[in-house]
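Following this line, the structures themselves.
The two complexes that follow have chain A in common; it is paired with chain B in the first and with chain C in the second.
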Partner chain A sequence: MNKVLITGSEAAALGAKLANIEVLGYYPITPAFPAMERLSKYIEDGELNCKFIRVESDHSALAAVLGASLAGARSYTVTNSQGLLLMTEVAYHAAGLRQPIVMGVANRALSAPHSRFPEHGDAISQAASGWIQLFCENNQDIMDNTIQAFRIAEELRTPVMVNYEGYIQSHTLEEVFVPDQEKVTAFLPLNRQPALDINNPRGVNTVTGPEFYTDYKYKQNEAVLQALTLIPSVAAEYNKEFGGKSCGLLESYRMEDAEHAIVAMGSIVSTSRLLVDELRKQGKKIGLVKVKAWRPFPAKEIFELLHNVRYVTVLDKNIVFGVGGALASDIKAALYGKGNMVINGVIIGLGGGKCGVSEIKETVDHTESSDSDKNRSEWFGL
Partner chain B sequence: MIDFKNLPKEELFGQGNVGCKGCGAAIAGRQAMKVLGERTIITIPASCMATLGGNNTKTTWRVPFYHTLFECAPAISSGIRAALDIQGIKDVNVVSWGGDAGSADIGFQSLTGAAERQEHMIHVLYDNEMYMNTGGQQGSQTPQYACTSNCGCGKGIHKKNMLAIMEAHGIDYVASANIAYPEDLMAKFKKAASKKGFSYIHILAPCHRGWGIKPEETIEVARKAVESGLWELYEVDEGKRTRTYEPSFIPVSDYLKAQSRFKTMSEAQMAELQKSVDLYYGRGE
Partner chain C sequence: MALKNLPIVPSGDPGALAEAANAGLQRINRPEIIEPEKVNPVVILYCPDGALSMDESGIVINYKLCKGCGICAKESEGIVMVPEYTGPKGIF
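What follows is the complex of A and B.
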């Protein structure tokens, strides 16, 4: 592996290139567009044998990628925020058709009001779409997860979203270890299963009656659930093959004797690490749980890490209106009836809102204060 | 030219389809598939045509068929072509086949996108001039004066000219067709299939339920649309425009009065329409 200094967008593009994608469909959106520009340059320079379809909308981008996947090609796209919302219809459809598409999402806030800044609202809007969702803490994660995503998607015939935050990750340079092309090619053997096969005609997405529909959905859900086993095993194999440090569904950091756990996903995980180190120095028994796989939700694994703690601070860079943060809701459901810890769900960093070490420290302090209401999400930074 | 005697006996579409009897869309599909042949991958957005060709584990299609979402059949077909190209799979007709809504209205964005990119594919608009899969509502392809389930007094504005719009894309091939003229229709599909870029074929295919005619009158009324001069059969082959059939110019009222959807149209309005047809064909005073 060689080490390079690249942005998150470049890590996504390079990951897709190493995965030998064959069809790229894309419609420009900020901040995802540099990944597409990098990929189209690889194609122009003859470094990647891939068809780029310059579609006229995000809806058509995912549709074109879906058509390519149905006809047997390994396909990829990137988008974020409004683009992802426009794609939503196709996203649900592609998952139902069990197509192994991989999509990078440079997470950005949703309109209105208009915002160009990072948060997880776009990814959270796809909670029930049937896509496996992985979250990246840093640019190395973007590279590693993009490559692993193709393996997971193709084994389960289920699409995978690789989330990395706009600007904080998409436009920030970090050192990334790059796996060797030959090894990645061997790690991702091409196993074409075209639903639209000129030599074996079949009808795809025929009108389905009540006698079949539930069974389709059951099988789709089973495939997503299988990712709970597959994601860690693919990560382990990846680490073995490439000397990587990819976690499975979750990563626990200094959780051994922790009384207080921070749970987060995305770039705020890195920030939380700094806080944990700082507080540990002061003798505080605090740890961190990084959520890499949000869909399927690793409820059992979360419980195993959290069942002995007294306090949980969940950091959500999203808001499900009328409910609270999506991650906090999932964690409360996972821990229901299994302990008496205080779970403080915090809405933080929306639309690029400040969420540095000192802000996270305030939320941690608040969780342990008597003001904390464990049944509601708290808004930070109003 | 099309030689009927030498057409394949095999039906690639149609047998066992669940369309209404006298369905114009199904007739169009059968005729087109006689020429397109088995090396065809077809995508059909939400429409009667999408639902009548496949239910549960059964399908009438003997070629790969995919019932797509409403807005995106041409985008899906673009992806299919890219996948075939990257795999080196040649000699396949990639076809998207939309109704008037899936082509001219909700599906227009992906259609204009694929046409502008000069994708190597054929898009078919099978036109029954209203949204029949949802019971017959008005759309951009509904002609002026036609009554629909959501407008009982007739459409106040004229039909959007999709053929002119598609011609303006500068694509390889544009043609109008009509199910009452199978020879002409099939010749156009043959030509479209030989192109390396984008082709657009717009087929007038009556729906007896929406048009207020008897099922057995589908072909007869379709023919009257051409013979009256209201539906011109022509093609624009790499920029060269040719009328492919000379109509006999029966009165437009013969066509209009054969259908109950024009029941609110006055004699004066029919005379006005006759005048504009005469003017178009240079037959006026």
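What follows is the complex of A and C.
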């Protein structure tokens, strides 16, 4: 186990390198770019035996990676915001064709108006794509989740997105513990399951009539749901092998006797931790739930953690227009008809908006104030 | 309701455009060779799906590949289109 000081992009690249990826398809986009830069250097230096496919668009990048995966290669790509939107068509193909692709997404706000700042809008846009989505709190999470993602993807034959925020994580240096290559290789045995086989040719992605389409989709949904048990067991095994502190679907922080819970995903979890510590010192019974797996959504596990609290503040760095924050909507659905807590969905940090400890404290105070409406989303930072 | 036994990767037999109850295609008409001696061998080149080939007996049609477009019957004598429906049954 090595300790290094690296950016989130380098952590993603290092995770993919330790996983011994064989094909990388990539089209330059910021802030995902440095991850590719680092991977291409590993390839150039001969440290990673990987085919780097340069393409003319993000759509082609994922298409190239999908083809490689169908041929049985362990494949990886990185993108963000507009690139992810352009990939959307192929993203659905990859999930429907059950290919274990792993993709890093350096979350960035979506146009229009054009923005280059961190936000979860791009990942949220892929909610229904059939990809398993993991969110990272810090650079250690990025590397741990990237390695675990390959295991999850290959076991379930379902692609996995590893989300980390642009700039806040992708361009910020943090201490990361790096596991040994041999141990990661043993943790991720390469079990090729090529769909393209010269000796047994098949027509892949055939036109499917209604009598089979539903069955395919049912099986795809079952595979995604299986991740609810697989993600925690892979994390536990990872922690045992590498001495890590990776959580399963969720992590609860100081939730023992909490009356108020903050629920968040991504980098804002770290900030919320500081606030929880500060408020606990003042005697306030507050805790934090970190959502690592957003798709599949761990509704049962969330309910177990939240059913006794009085207030829930959900921090959403995204907006689903006409509905509210995506995480808040899912949590309200998970807790429907159970308990009588106030659930305040807060839209915060859009397009790089400020979301420090004092901002989160204001949202927490607001949840407990009488003018908080439990069925509405609050916009913070207007 | 029983879940159907399907491959993990949605796929069909080689050459199949579609997955249907007959593992093949949804034709309205199928070509039939009625006068083999009149069939022009060049018609093989006209078939967009490679469903025509030649062996010692002459031109043969592979119905697993044929989508029933009728180009062969138009381009060559000795082939006619015969009404047929092989697609899924249901309301259209």
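Note that in this section the second predicted complex is superposed on the first by the 382 of 382 C-alpha atoms of A that agree within 3 Å, B and C clash if a C-alpha of one lies under 4 Å from a C-alpha of the other, contacts with A are read in each partner's own complex, and residues count from 1 in each chain.
Just so it is clear, a contact is a pair of C-beta atoms (placed from the backbone, for glycine too) under 8 Å apart; a residue touches a chain by one contact, two chains touch by 3 or more.
Model, not experiment: these values are computed from the prediction.
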Superposition on chain A - do chain B and chain C clash or fit: clash
Touched partner set for A:212, first chain B, second chain C, both or neither: both
First (chain B), second (chain C), both or neither touched by A:188: neither
Touching partner for A:236 - first (chain B), second (chain C), both, neither: neither
Comparing the two partners chain B and chain C, which touches a greater set of residues in chain A: B
Chain B versus chain C as contact partner of A:98, first or second or both or neither: second
Touched partner set for A:4, first chain B, second chain C, both or neither: neither
Which superposed partner A:202 touches (first chain B, second chain C, both, neither): both
Set intersection of chain A contacts, chain C complex versus chain B complex: 70, 195, 201-209, 211-212
Residues of chain A defined as touching chain C within the complex: 70, 96-99, 157, 195, 201-212, 215-216, 218-219
Partner chain A, residues of chain B touching it in the complex: 38-39, 41, 43, 51, 53-59, 61-69, 71-72, 75-80, 82-87, 89, 92, 109-110, 112-113, 116-117
Chain A residues within the chain B interface of the complex: 22-23, 25, 49-51, 53-57, 59-61, 63-73, 75, 89-90, 93, 192, 194-198, 201-209, 211-212
Complex interface listing, chain C residues touching chain A: 3-4, 6-21, 87-88, 90
